[in-house]
Every structure is written in C-alpha cells, then in structure tokens.
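As written, the chains take the letters A, B, C, D, E, F, G and H, and residue 1 is the first residue of each chain.
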Amino acid sequence: MSTENREEPKQLAVLVLGSEDDLDYARKITDQLQEFGIEYQFRGGSAHTSPWHVFNIIRDVENGNSSIVYISVAGRSDALSAFIDSQTKFPVIAAPPKSEFGLAKYLSSIDTPAGIGVSLVIHPQAAAVSAAKIFALNNPSLARKIEELHEESVRKKITLDNKLIKKR
Amino acid sequence: MSTENREEPKQLAVLVLGSEDDLDYARKITDQLQEFGIEYQFRGGSAHTSPWHVFNIIRDVENGNSSIVYISVAGRSDALSAFIDSQTKFPVIAAPPKSEFGLAKYLSSIDTPAGIGVSLVIHPQAAAVSAAKIFALNNPSLARKIEELHEESVRKKITLDNKLIKKR
Amino acid sequence: MSTENREEPKQLAVLVLGSEDDLDYARKITDQLQEFGIEYQFRGGSAHTSPWHVFNIIRDVENGNSSIVYISVAGRSDALSAFIDSQTKFPVIAAPPKSEFGLAKYLSSIDTPAGIGVSLVIHPQAAAVSAAKIFALNNPSLARKIEELHEESVRKKITLDNKLIKKR
Amino acid sequence: MSTENREEPKQLAVLVLGSEDDLDYARKITDQLQEFGIEYQFRGGSAHTSPWHVFNIIRDVENGNSSIVYISVAGRSDALSAFIDSQTKFPVIAAPPKSEFGLAKYLSSIDTPAGIGVSLVIHPQAAAVSAAKIFALNNPSLARKIEELHEESVRKKITLDNKLIKKR
Amino acid sequence: MSTENREEPKQLAVLVLGSEDDLDYARKITDQLQEFGIEYQFRGGSAHTSPWHVFNIIRDVENGNSSIVYISVAGRSDALSAFIDSQTKFPVIAAPPKSEFGLAKYLSSIDTPAGIGVSLVIHPQAAAVSAAKIFALNNPSLARKIEELHEESVRKKITLDNKLIKKR
Amino acid sequence: MSTENREEPKQLAVLVLGSEDDLDYARKITDQLQEFGIEYQFRGGSAHTSPWHVFNIIRDVENGNSSIVYISVAGRSDALSAFIDSQTKFPVIAAPPKSEFGLAKYLSSIDTPAGIGVSLVIHPQAAAVSAAKIFALNNPSLARKIEELHEESVRKKITLDNKLIKKR
Amino acid sequence: MSTENREEPKQLAVLVLGSEDDLDYARKITDQLQEFGIEYQFRGGSAHTSPWHVFNIIRDVENGNSSIVYISVAGRSDALSAFIDSQTKFPVIAAPPKSEFGLAKYLSSIDTPAGIGVSLVIHPQAAAVSAAKIFALNNPSLARKIEELHEESVRKKITLDNKLIKKR
Amino acid sequence: MSTENREEPKQLAVLVLGSEDDLDYARKITDQLQEFGIEYQFRGGSAHTSPWHVFNIIRDVENGNSSIVYISVAGRSDALSAFIDSQTKFPVIAAPPKSEFGLAKYLSSIDTPAGIGVSLVIHPQAAAVSAAKIFALNNPSLARKIEELHEESVRKKITLDNKLIKKR
C-alpha cells in the first residue's frame, strides 16, 4: 500500500493541444481521467511551428515527474504526436479530433518514421483508458478502477439487455 | 538498481495473432523487441470464434507476470484487440498487418465501444517502440535504450544528410 | 396447413443491439418484421466487452425455439455479428446503422475470419426482408407475404409511372 | 432421420454468374458447399441485359425444388442480386468477386431499393456458410456440420496457439 | 427549314425515375430541357423490381417517336440505366442524384457489363446539355441554342471578370 | 434507303488523346467502333497547355462532317473533355483510362462547370456503344447493329448459362 | 532600400475565380494578403469554357507588372490552374474551395500534365503565405513580415500554453 | 544581362529528403532542375525526430544564398514541409513520393496549421517547374526556358496530333 502511495502522486497525463479550438474535445478525455483519479495537465504547442517550445514543455513536465503519458490532440496534420514521441522516453497517445477528411485525417498520426512509437485512438474516452492502463502497471488501485470500468461495461450491457428484452 | 532487476524479468510482451499468415508481419515487431531486450511470447487466437480461448491465453500469460503489454495482430476485421482490452487491466496495442482495403481496414481496431482503451499502430516497429515505452516507465535501462534509439535516429539523419549533401 | 402452424410459432428474429442508441434504427427493422407478422425480440450485448453475456443470450433465445435468425445492430466496429455467427448454427444478418465513416464502417461486419457466414445489409428494411426470406423457407404464408411485397413494389412503380407521366 | 432425408434432396444452392471469368471465384464458394454436402448448380445470366433469361433460370430451378438459396456472383455493377431477389421468395446472397475499386464495388450489391432483401458477403467461404446456415434450419445433419466447422475453427486456433507459443 | 420542322416534333427526352423522391432533382434537368425547347416526359420504374414495366415504358415511348434520349435518375444502386440501355437502340444518360456515399454511388451507373453504352453526368444541367447535343445532330435550331448557351457562358465569365476586377 | 446512305459517310467519331501513352486504351474503343463500321479519327491535344490547337482540331474535323461525336481520352486531370464540349455543338464522351487514384480520377471529367454536357464512361467498349447510339439516331443500319449487339449479349448469356449448368 | 521600393509596387497577386460563388472563399485569401500589404486583383474566368478570355486576363495583368503570382480558385474540376500555368512564366497556386467530394476534389488541381508547375494549398491563408514567400524573394520588408508572422505563431502557441496550463 | 548573371548564382533549390529511399524519386525532380540549369542540393533530415538538425540545414543553406526554394520529399507523414516553412522566409514545395494510401497520403502535406504556406505537387517534374517559376521572377533567362518548355509542350501536342491523325 505504501509503495503505491509513493508512486501515484508522480503519475501525470500531459495533454498537448495544437489549438484552443480542441479544448472541448480534450475535455472529453480529461473527464474520464478525472473518473480514474489521474492527474493531468493541459499544455499547448505546435511541432510544425515551434518544436523548441514543445521541447521546453517536455522538459518542464518531465522534471520531477517519474511517470508521464502524453496525449497529443492535433486538429490538422498531426506532427505533434511523433515529435513529442521522439523527444521523450515516455509513451505518446495520439488523440486527434474528428476532421472533415474522415479516416484520411488519422494517417498523419500513425504513418510515422522509423523509431517512433506513437499509437492512435479516435474516441476521447479511449485515450484516457489507454493512458490509465499504462499508469496502472504501477498503480494497483488504478488497475482496480479499470477492472471496475470493465465490470461496469458488462453490467451496463446486461442492464441494456434487460431493458431491451421488454421492448416491443 | 536491485529494484530494476527485480521488476525487469516480469515484463512480457504478448503478441496474439489471428492467423499463422501474420507471423512474418509479427516477426518485424519482435525483431525490435529483441533489440530492446524485451521478452515476448507469440500466442494465437480469435475473438470472433473463440473468446474463451483468448481469455485463457490472457489468464495464462498474466499468471505470474506483473507487467504485460499485449500486441494484437489481426489480419481481417479486428475484434481481437478490443476483446483482449476488455478482459485485462494491461495495455493493448493493435498492430494489424496491411490490407487491400487500405485505411478502411484500420477502422475496426479503433472504432471501439465505450470503456475500451486499444490504440493503433500501422508500422510493426512502432508497435515494439510503443510497448517499450510503456515498460520503460518501470525499467530505467530500457528507457535508456529508447533514448539511444532516438539518438541513433538523429545520428542517422545527420549521416543521411552528410551523404546526400555530396550527391549530384 | 397444420404443418405450417406447428412451425410458425417457433420462428423468432433476435435483434442484438450494441447500444440503446441504436434502438431507433432497429425499430425500422422491426416495423417491417411486424408487417410480415414475424415475432422478434430485442436483446443487448457486446462481443467486445462481454461475449459471455452474448453467449448467454444465444443460449437463452435458442432454448425452445426451433428457428432463429439473428440481426445484429452494432454502431461502431462490428464484432458482434461474427461472434454470434460463430456460436450458433442459425443465420446472422449484420444490419449496422450508418456511420460518419461511410463505406469503411461496413468492412468490420464482412471482413470476417474463416468459418464465419455473416452477411450484410445497409438498409433496415432489407434486414427484415432478408430474415423473412429465410423464415419463409418453412413458412408458406410468410412466403406469400414476401411475394405480395414484391407485387406491391411493382404496383407502386406502375403507380409512380402513372403519376409521373402526367407531370410537366 | 427419415425426416431429414426427405427434405435434404430438395435443398439447392444456385450460383448465378454474370460471366465465365467469375467461375474461379465461384468455385471457392462451391468448395465449401461440397464440404457441407450441399447440392449446387451454376447458372449464368445478366439482369442488366437479359432479365427475362434470369427470370427463366429462376423458374427453372424453383420448379421441383422446395428450398433454394441464390448466390449471385456479379463482377461489375451488381444488378443481378437485387433482380433475383425481387423475383423470388427465396433468399439471395450477393457474393461479388474483388474489384479494383475496393469497397466502392460492393455498394451496388447492398444499396438496393425498398422491398429487396439481398445481403452481402465478401469472402467466398462466407457465402457458403451463410447459405448452409439457412438450409440448416431444416436440415439437422447440416446444422451439425456447421457446428463442427465452428468447433474445428476453435480447435485450429488452439492448435495455432500451441504452435505459436513455441516460436521465438 | 421544313426538314427541321419535320424532325423536331419527334425528339423526346424520357426521364425515368426510380422514386418520386428524385422528382425535385429531375426538375433541375427539365428546367434546362425547357430552355432548349426539348420535349420531355417523366416516367417511373425500377429495373431491380420490375424490368417488365420498364420495358413497357420503353416500348410505349418509342412507339411513334423517331428520336429519343433516355435520362435515368436512380437514387440508390443504379441498375436502371444499363437495363434501359440494353433494351433500346437509343442513347441513355445516367443522371443519378447525389448520395451520402459520394463518388462510390456513381460506380453502379458506369461499371456496366459488355455491350452497354450508358454514360454518366453528375450535375443535372449537364444531363440536359448532353441530351440536347445528341438531338442537335438533327436539329439545327437546337444546335444554335447550344452554341448560344456556350456564348452566354463566355459572356457570363467576362461579366464576372468585369465585376470582380472592381472588387477590393 | 438512299437517305441513310447520304448521311452515313458524314458520321465521324473523333478520339482526342492527351498522350501517346493512351493509344492502347483508345484502340479498345476503336475496336468496337470498327465492328460497328463507324469511321473514326485519332487526334492529339491538351486543353491544359494548348486549347488553341484543340480548337483547331475541332474546326478541322467539323469542316465537312455533318455529324461528329468526340471521345476524349485524358490520362491525368481531364480538362480536355469539358473544353471540347464548350467549343462545339457536338456531343463529347469522356473515356479516361484507369488511374492509380481509382474513382477520384474520374471526378475531373464530370464535375464540370455550368453549360457543359460531357458524360463519362469507364469501360472503353462503352465509349464506342455510347457514340454508336448517338449516330444511330440517323443511321438505321447502325441502329440495327446495336440491336444485334444486344441480341448477341443475350445469346452469350444463354450460352454461358448452358455451359455453366453442366459444370460441377 | 531604394532597390526595394523600386520593385515592390510591381508585385501583384492575381486571384482568378471560376465563379462569383467563390468570392467569400477568396476573401479569406485576400485578408491575409492585405495583412502582408500585397497588392491583389480579382479576376474571373473559366479555362473550360473560355480559355481565350483567361488568356486575355493573363496578358492584361502581366502588362506592366514585373512580378505576378496567380492564385486560382476553381470550385469544381480545376482546369483553370494548369491552363494559367501553361500560359505564363509566373507561378500559379491552386487554392480550390472545399467540396463535398473531399480529397478527390483536389486531384484535378495537381494531377496535371507534363510541363505544368501548379502547386496546391487547401487552406486560404496558406495561399496568401505561399504567394508572400515568393514575392519576399525580392521584397525584404515582406520577408520580414513573414518572419514576424512566424514569430507571432510561436508567441501564440506560448500564450496558448500559458492559458492552457491553468485550465483544469 | 549582367543583372541576371549577378543574381543567378545565388539561386538554389534545396531538396530535403526524409530518407535515402526517396532519392530515386527526388532525382526525377533534379533531372528537370538540371534542364533548367537550376543549382540544387540534396539534404537529409526529419522534422519528427530532429527538427534541430533540419533547422541547422536551413541556416546552413541560407547562409550566403539570397534566393532559395525548398522542395521537401517526405515518404510517410509529412511534417518536414511545414516545419521548414515555419523556419524560413523562403518558399517550400512539398513533393512527396507516391504512397500505398493514395490521396490520403497527401493530406499531411497540406492540412497545415495557421501561418504556414506549404504548397503541394504530386508529380516530380511539377516540383521543378514550380521552383523554376519562382526563381524566374528574378531570372529572365530562366523565365525564357519556362516559356520554351511551354512552347515545346505545345509543339509536342501538335506532333502527337500529326502522328495520331495517320493512325488507323
């Protein structure tokens, strides 16, 4: 128990947004992070125009935090995810908002060069669950919350079934 | 240092394949895992036809391993990734092989229901780097290897530049 | 005639929904089922998160019914159709609601693994007609209703023609 | 047993091909039909150019057969499936061969007018399984074969797993 | 002049609609036909469900008209255009309304079998101009109207230019 | 009869190619034109780079020919079809060769500005049949050949059917 | 300094629009041109219907201007960009408005024939920046404005970051 | 003449490649640059992994060159083009090689953030012509070469026409 407590405070999800327009979308991610009790921080930057600043964000958030997961939220062509990934030992989840270009929009997040480990989610809650699962490797109480979410998902389906079975 | 050693042996990447046809593709993932010194295991199963068996794989590999990352390699419609994700507290990376249907193929890996945290990569090396970054949160020597891969990537670009600058 | 009567009560269309959000869409299917006089039942479940529960639904509905057609209505990536298909000797029709991803959405319903026999419709009425045709193999009065629907379709086109021919 | 025998001889899968070029593709369907012991017939016709002839095929094959499933194999724009569907009380499965136009090719099979019940498969074996499941409603021994195919699918995955677990 | 008059009354554009829903779209075609002074007729039918009736339409409109151009307006999978084409010596222009499936919708109109001569337009006015150009081969005054439309198009661009050049 | 003979010699299909690379494709069109006995001419030009030259082609071929159908064969973005269309009272059929960009390639042929009447075919034989149907309005013997092609199509399907029915 | 002044007055961005409907879109381009202090002119024309007129526009604007960048704004199939490009030594930027056909719309702007140098932007501001960068080669004060825009972009991201870091 | 000579030596096209694999593609660009007599340099770098190095390339090539056009050749997701664009006052042309993902690949080059002026070409020769047109603003002899290329394009079409007109 004490081991857990020692590590939990140091876990931090860092959401890097390319634009303030993406804040509403990002809030859907942090809603789920909050339910998990995961600490998070919003940051803003662009790998296209100011990688130096994004690099400073990385240095800033990594200083004093032993365990970080980045969630990058880039509204157009996504260079942010892979750039962050290349500058850190910590995992990066690309969570781009929907675009008028459909599936084509997502290609820039994942068609990344050699050496990059970015992975993509397209639903905001999935970004939070994905981050939570990573943190949970060191955080038994969080692991339990994920299992509870799974159990709740199953219960919801059973409830749905009980409700639907009565419909005509 | 002793803390690290105690944890490292328990880290395991589990590659679940939907078909033996996908083994060549999966080997490109494990090539990089081997370079990182990450232990891995191939398993085979289908969430469409035998989720019970996949569930047994999950129980089997999780028994005695404190830290697992699943990499699911499904050649057609990918139900495997989300099913594994829903049955475990551990992270799941979908790493589907290329398909004749291009980007449309990848949708089944990421258009997942509520509560699921699967994330997608489309290059096999990226699956390994993504898994490595997760393990590295608890594995300083692995974290260092990722940083070395990044440094090597930069050096390779500089070497490429030095080579190209002489071309005419 | 008595043979028909003996079999008809046992025919049942089972609509398995992934979410309550899909109920409006599913109702367009059951509207046509009702016109055919086909008994149906709504059920709810997810192959991604709770195949056990879906399996229980299958066992539940198949108990005492000699003739079932499943219609699976899955709003995101469709694992439901193929999972049901793999657990039953009865036919499964995938009838997914429309998605923002257009044709790509439908791929998860039909790019299924070996041994699976799911077939896809994209208009809700088609799901009902497809199910009715299967039941009609053992149900002469239902077969007649399908023929009447066809005849009505022809009449409607003739009526349309008579109406249009007067337009200027 | 005698009940089965009485019904089985009357079950017939009718594969209607738009062109002789599609015969190789259609043979992948009949390979599986043969494994199921389902009787089948190849026919050739075009709804675009000669619906009368296709109508004659329908009358011809339906004469004396109490139970038919049509499998339509149309290489370009698929009008065949919906036309057959509109002229018969029996089920129609569209099983078009792959096309250079990818997913767009399949739209003509399923974007059908009101009153039509065509359903689509994109793998040839799936056409056979889909037909078999329909026939199995009246054919217990065929139903058993489908269950055996399912069981074999599960065994194959377990065998795959046993084989993969030894790979390094 | 007398030659023209003798032939002009016999020229008829026949718009065959698959549904009354497509009438608004078809009216955009006839608006331009009216400007050209081309006689037209709306008809309704479906090649999927009632090719016989469509065949009767063909016989009906061709009886006593020496010169016909068909414009087929089919809202879903377009079998109508190719079926009409195969039953007549007269030209057929496919003019399908827009669909949620974008370009994929148009494939059914043009991926037609050997021997078919359907051609596709996606703007309603283009259907009318295309038909007019065909009729104009025998109709000098109509040919002149097409040339006037072209001249007007050029004048409109010059007017546009004169207007735009003053904008700031 | 003498009327026909007087008109037939003046009918000419003009195939305008954007590149010599497209000649093989264009030959598939002229193969069918030859079977119909339609006179044709290959011409080469680009609306993007030299509309003046294309305009000269138009003046050249229209001089002394009372009846022309243009078939434009443009390998990349198709400006040729609409430019020719805008400069002539005669019909223009766009018959672009296949492209690596699939359906997207065809959009430039048909998303044309107001006043243009270009129509699209994607199979080369269809270009020839489409042109033939236009000429047939004034050419009874050609009309008869089209009807023979249709009759042959039907006979071919019956032959195909007779052949397939014997296959096992 | 005097060198600059001598050249600057002669720089002109010429926006050629295919339709007045595209004026709102084009204004988003000129908004940025105005911020840069770049002189511009709207012109209207169509390469499909009146290349002569477009040619006259080219001659008109090039007369007396030593330095021009064309920005072509074509709403449907874009022949305008490549036609202008082929008639001038000056650069041409294709800046088509969005279309219901998504990415496919843009193909006509860039799948151009040999010898053409059109380049594509899909955001209106990018058209202005792209033009400005070209003019800046000869215009130090404009070059400075571009650098200021870049610096401002960086500052905006830092401001965004400072704002986001306080959000919860 | 002396004015030209003074400026020409300082014009430089800088091709930045993401990988040595793209060198063959890039050579198709430089083949045309050579025909124009434009000096060029190959450089190699990645904005995803080493923007610092790319920044150094920019500083290096811009030092002592008064006039540069960048041509970025990025094989996967293209962050290179926009990053270079954001760090320089000089123009950037994105010239990505073809990809298995078709049009979707190009989106990352052009769906760039505010303030960026990257423009896209998809044919390698177009990259060279686009760059040449920019340099030609200050280089009358190069401008003349572009006009000669245009004239040659027209002559080639006339030659093609003369050749095709004799074909049967």
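By our rule, contacts are C-beta pairs under 8 Å (C-beta built on N, C-alpha and C of every residue); 3 or more make two chains touch, one makes a residue touch a chain.
Here the structure is a predicted model, which is why all the values come from computation and not from measurement.
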Duplicate of the E-F contact set - from C-D, F-G or A-H, the pair where over half of the pairs recur: C-D
Hey, how far is the Cα centre of subunit F from the one of subunit H, in Å? 38
Intercentroid distance (Cα basis), subunit G paired with subunit B, Å: 44
Can you list the residues of subunit H that touch 2 or more other chains? 19, 46, 49-50, 85-86, 101-104, 107, 110-113, 115-116, 150, 153
For this structure, enumerate the chain pairs that meet the touch criterion. A-B, A-C, A-G, A-H, B-C, B-D, B-H, C-D, C-E, D-E, D-F, E-F, E-G, F-G, F-H, G-H
Residues of subunit G that touch subunit A when the two form their complex: 98, 102-103, 150, 153-154, 157-158, 160-161, 163-165, 167
For subunit C, which residues count as touching subunit A in their complex? 17, 19-20, 23, 41-46, 49-50, 53, 57, 100-102, 104
Please name which positions on subunit D make contact with subunit C in the complex. 67, 85-87, 89-93, 103-104, 106-107, 110-123, 125-126, 128-134, 136-138, 143-144, 146-147, 149-150, 152-153
Subunit A partner contacts - residues on subunit H that touch it in the complex: 18-19, 46-52, 76-79, 82-83, 85-86, 99, 101, 103-105, 107-113, 115-116
